[in-house]
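Contents: one structure, followed by commentary.
As written, the chains take the letters A, B, C and D, and residue 1 is the first residue of each chain.
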Amino acid sequence: MIRAAIIGASGYIGGELCRLLLGHPRLELVAPVSRSLARRRVDGAHPNLRGLTDLTFTTSEDAADCDVVFLAAPHRETMGMVAHWADRSVCLIDLSADFRLHDPAVYEHYYGARHTAPELLTKFVTGWPERHRKDLVGADRISVPGCMANAAVLALYPLAAAGLIGDTATVDGRIGSSGSGAGAGPMNLHAERSGAMRVFAPTGHRHEAEVAQATGLTVRMSATGVEAVRGAQVLCRATLETDVGENDLRRVYRDCYGEEPFVRVVAQRRGLHRLPEPKILSGSNFCDVGFALDADRGEVIAVAALDNLMKGAAGNAVQCLNIRQGWPERLGLEFPGLHPL
Amino acid sequence: MIRAAIIGASGYIGGELCRLLLGHPRLELVAPVSRSLARRRVDGAHPNLRGLTDLTFTTSEDAADCDVVFLAAPHRETMGMVAHWADRSVCLIDLSADFRLHDPAVYEHYYGARHTAPELLTKFVTGWPERHRKDLVGADRISVPGCMANAAVLALYPLAAAGLIGDTATVDGRIGSSGSGAGAGPMNLHAERSGAMRVFAPTGHRHEAEVAQATGLTVRMSATGVEAVRGAQVLCRATLETDVGENDLRRVYRDCYGEEPFVRVVAQRRGLHRLPEPKILSGSNFCDVGFALDADRGEVIAVAALDNLMKGAAGNAVQCLNIRQGWPERLGLEFPGLHPL
Amino acid sequence: MIRAAIIGASGYIGGELCRLLLGHPRLELVAPVSRSLARRRVDGAHPNLRGLTDLTFTTSEDAADCDVVFLAAPHRETMGMVAHWADRSVCLIDLSADFRLHDPAVYEHYYGARHTAPELLTKFVTGWPERHRKDLVGADRISVPGCMANAAVLALYPLAAAGLIGDTATVDGRIGSSGSGAGAGPMNLHAERSGAMRVFAPTGHRHEAEVAQATGLTVRMSATGVEAVRGAQVLCRATLETDVGENDLRRVYRDCYGEEPFVRVVAQRRGLHRLPEPKILSGSNFCDVGFALDADRGEVIAVAALDNLMKGAAGNAVQCLNIRQGWPERLGLEFPGLHPL
Amino acid sequence: MIRAAIIGASGYIGGELCRLLLGHPRLELVAPVSRSLARRRVDGAHPNLRGLTDLTFTTSEDAADCDVVFLAAPHRETMGMVAHWADRSVCLIDLSADFRLHDPAVYEHYYGARHTAPELLTKFVTGWPERHRKDLVGADRISVPGCMANAAVLALYPLAAAGLIGDTATVDGRIGSSGSGAGAGPMNLHAERSGAMRVFAPTGHRHEAEVAQATGLTVRMSATGVEAVRGAQVLCRATLETDVGENDLRRVYRDCYGEEPFVRVVAQRRGLHRLPEPKILSGSNFCDVGFALDADRGEVIAVAALDNLMKGAAGNAVQCLNIRQGWPERLGLEFPGLHPL
């Protein structure tokens, strides 16, 4: 059994990590760290875990030694913690944004703060199993992508890699409320969020930089908060460079993802669920990817959907760890999602 | 034109008062008071008012003189403000709980604090137009009932007054998220409240005391937060004392409310909307009241629904002021509600 | 008083027309026509109208004579009805899609059916008050735009007319469930729609043709159903042709809409509600229009929001009638919308 | 491997059975029967199952032989099917209401139809594992309780069995939209159900008869549809017969359920989640049961929550089958539920 700690275990991503670790046959959660809830029961903050654990949250100081640390702490705070946890654990898996971007100048542009550990930026393997599976084997520093970034990269990368599209893409992201975390703020109030369509980032959403870095495209990304909890969806537009048909597109995606355990190609001619929808993915680690062709205008619309706490964060992190360890990739991630929900 | 101030104008009830006053032909909003947002635009906090007003929030100190003050401040803080505002305005209309209960001991039991102005408790007329219309004419101190209390009283009073039911009733209240106000807390987070059925008061909800006081019944009141914003609904059970039929019940309610501008009797045999539902009442000042008879068990179920910010607070307050002034009772309260919503 | 009929009065748009006509000081609803609910009470289908009317639905045959007919019937059925109603009323206001497009070939392309009354297409004035106000005065045939089309046109037209943008635009529409009407289908089931983000038209949404016709742009329009009821929102992207700043954009919109009763320019630097959001517009006739500038990439994002049953249908129709009659344009359309909701 | 068929596999309960059977290590789904969708892919109707199965729906006639048949067909239709399926399978597990009540007269009273197979009523073991575990071992006819009935029985039975309460109880049930099934009707439309609190059964809800039969109490049951999908919750009131304290109540529940794999006692003094809430149970087979004491009035409030498709239907059915087979009771039912959701 691998012993694991979670920093920020009382948040939403932290809670999802708790759930996954408690259900994982080869992982043992030994240190759920939360400054604010230290010594309170884990199942008080995460009531879905009642009966599964009697653990209490612990402070950083009192955390037991462990083999892997999941960092689910806020952006800009995490870069200052790495040294501390590197002393206590061989493997660090970071779910914040602090080690996602390779260029500290880009980080500063998008996050409004100078990076305080730029020398570490290149040490982290991007937690993108579909592309970096080999690099993840044995990796000791893993940086998990942002939720909408992950969806957009999974949607666009096959097209970009195959040279089918031009060098720019627009990404319209839509995201549910758990993407903002468990901290209470006015934008997260139920009365404000219920039925909302809130364009909180009309241009330059932070995940734009990750998508650009991963795909090599110039990316324009907007983001809208909608009424949903865990869902995230991207609608990506790109101009086709060559005269491709629907079957060509389908083959490109199938070639890319046909063997992937957690990417499904969903692009049907008809039906209620013909394109990826996040709500059926809640709790699952799938990212569904699909597309539509506007042949007349030479444009492709790629759509991807995922659970922002799972394939968008905690689930993807566990998938990366499974790969690092050489375990079966689906281990602890078998839940397929619910319908209806 | 009557000049009005609103204390607590940046909250949800305060915002609804702003909307109503701005649309009222005989009221002028001169002082929207908010400590936290002083000097910020009113339509920044209440974006539905864009284009209707250029007012900014003001402090208590800078508030213009006025003829009526609406107190939409928190419980336990309001009792300390009355003297201040009484010096500045003839008429005070309080929307907090501080002057709803006549007995300071009952107040202390339910609100966990000693009442600091018990001598004023009997000075306030209860803002219950259907029962105290005459007392409201010319009244200078008005205390508006709690939202679920108002619904339960309107549902139960006709039965109690007609001597049809025993001396106890149970009230199961269900309430939307705006009932908790605009302050951000964990229970109000969208991700926590979405799809919730949260029994936050299994016994002894505070509004119980108001219903008991108004009806003379012993009342057992629970409350559950559900996924809705403005709605409030009560399902009340009482034992029938005599052998009454559906027509008797209908007559009792019709006799009581047939002429009322804001109470509709909704008790149909069939149909989707056979009993009161709050969602079609959003923005309206109606309280719909209905009933069902369980003749075999000698029990009546009375159901009432309202918008917790309107007939449950701000709308009822304006109705009371209309009565006080001798104006048409519907003035400024004509909006009938939307379907669907 | 002008006497009005509504064809399709039991649907969602029909119900909203009922509400508006019952509250309009110069309009009398004399014939709410519904085949399926003939002789049933109007407030049975539209429970928000309880106490406001005792009308029952009527058949087409039994409909009283009237001065204006609102056609809220399905696409493809309406074109066959015009002759019938033209015999019975001077003024027809059509809310279906049948007379929106001027070119019958475009109609056939987007609606999959040959137009059976192509000779009438040019007889209808487009119900676009902000552009065709003069043409609407005295008009006897008015065709009201589609909800997302109206929003997109209001967002893009000022930019196109000022020559600020290139000749193409993309429009990503998001729409609530009332946009699908009151007919029950699987996609409208609550369990299917709750929390959904359903890309039902990844390319070529029908409203695309209207936006192209009105703006002269080549338009690529997608549409996604989200969890909301009445809201519709468009996020439009266009390339800037010249080096314009935020103030230039603001001036263009203000010049266009500064005097408009139902278009508000909402484009703030910060704040929860900095860009247009549909939920605060429920029940109101406003279309809020805003923008953001991506100066680095030379792109403008224009955002517009409205209530799909109001400025997106029934409210806009009444506004057009007010103009036709020479009445104050806001008559019967004063409700500003609610916050929170 | 046990071979299983599901009758009504395209419905919501049927879909949940598909999910559970596909994930169950000792069950093989060989015949998902659906009249309306025969020959269509199972994952077309249940998109969460994409990648997990290539099965298509089959007709009754073409269904493969199997060891167990789950009947997820409508009430009143199921009683006519039993003979047919009894010829084809040793074990029948019925999820309709047709074999829940022992007395055909009670069935007729609540379901409005004469029972056509009354001689079979006593052949079915009630699928109530917590009470009838021994009877379920080897049982060939199992009838799974209704969702709100199951919750209410689990809440009330321990109190009734311990003789702590009088002989009557009231049950106020609240239920999400999936409880109405996948058939589209006006009451299930998103625009009608969103934010609703719909008292569709003010008295005499059908599940009342099951609760009475199981507990021996006289039960008065109402039901309200609220905005949620899978959740069901009951708030039960009963008068205490003796002077019991909170600890006594807690002990009674703990004695009853301390060893139960799928019943958790949730009755905390404070906290957001102090009492059972259905939303954290979506997809799980737990029923959470809690209580509050109103010592002054001698009343106990018992609250229970579950997922109406899981412990309220499909999950409970699989738990019963696990018991029948002598398998570990949690097999295939390990998913703990999500938070937030």
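Keep this in mind: a contact is a pair of C-beta atoms (placed from the backbone, for glycine too) under 8 Å apart; a residue touches a chain by one contact, two chains touch by 3 or more.
Bear in mind the structure is a predicted one, so any value in this text is a computation, not a measurement.
Looking at A-B and A-C, the interface holding more C-beta pairs in contact is that of A-C. Comparing the centres of all chains, each the average of its CA atoms, the largest separation from chain A belongs to B. Note on chain placement: the centre of chain A and the centre of chain C lie 38 Å apart, centres being C-alpha means. Chain A and chain B have Cα centroids separated by 44 Å. Taken residue by residue, chain D touches two or more other chains at 12, 176, 178, 182, 186, 189, 191-192, 194-195, 227, 229, 277, 340-341, whereas all remaining positions touch fewer.
Residues 12, 15, 19, 23, 44, 46-52, 178, 182, 194-195, 229-230, 264, 266, 271, 273, 277, 280-284, 286, 288, 334-341 of chain A touch chain D in their complex. Residues 12, 176-178, 182, 184-186, 188-194, 227, 229 of chain C are the ones that touch chain D when the two sit in their complex.
Within the complex formed with chain B, the residues of chain D that make contact are 170, 172, 174, 176, 186-187, 189, 191-192, 194-199, 202-204, 218, 220, 222, 224, 226-229, 231, 233, 235, 237, 272, 275-279, 291-294, 297, 299, 301, 303, 305, 340-341.
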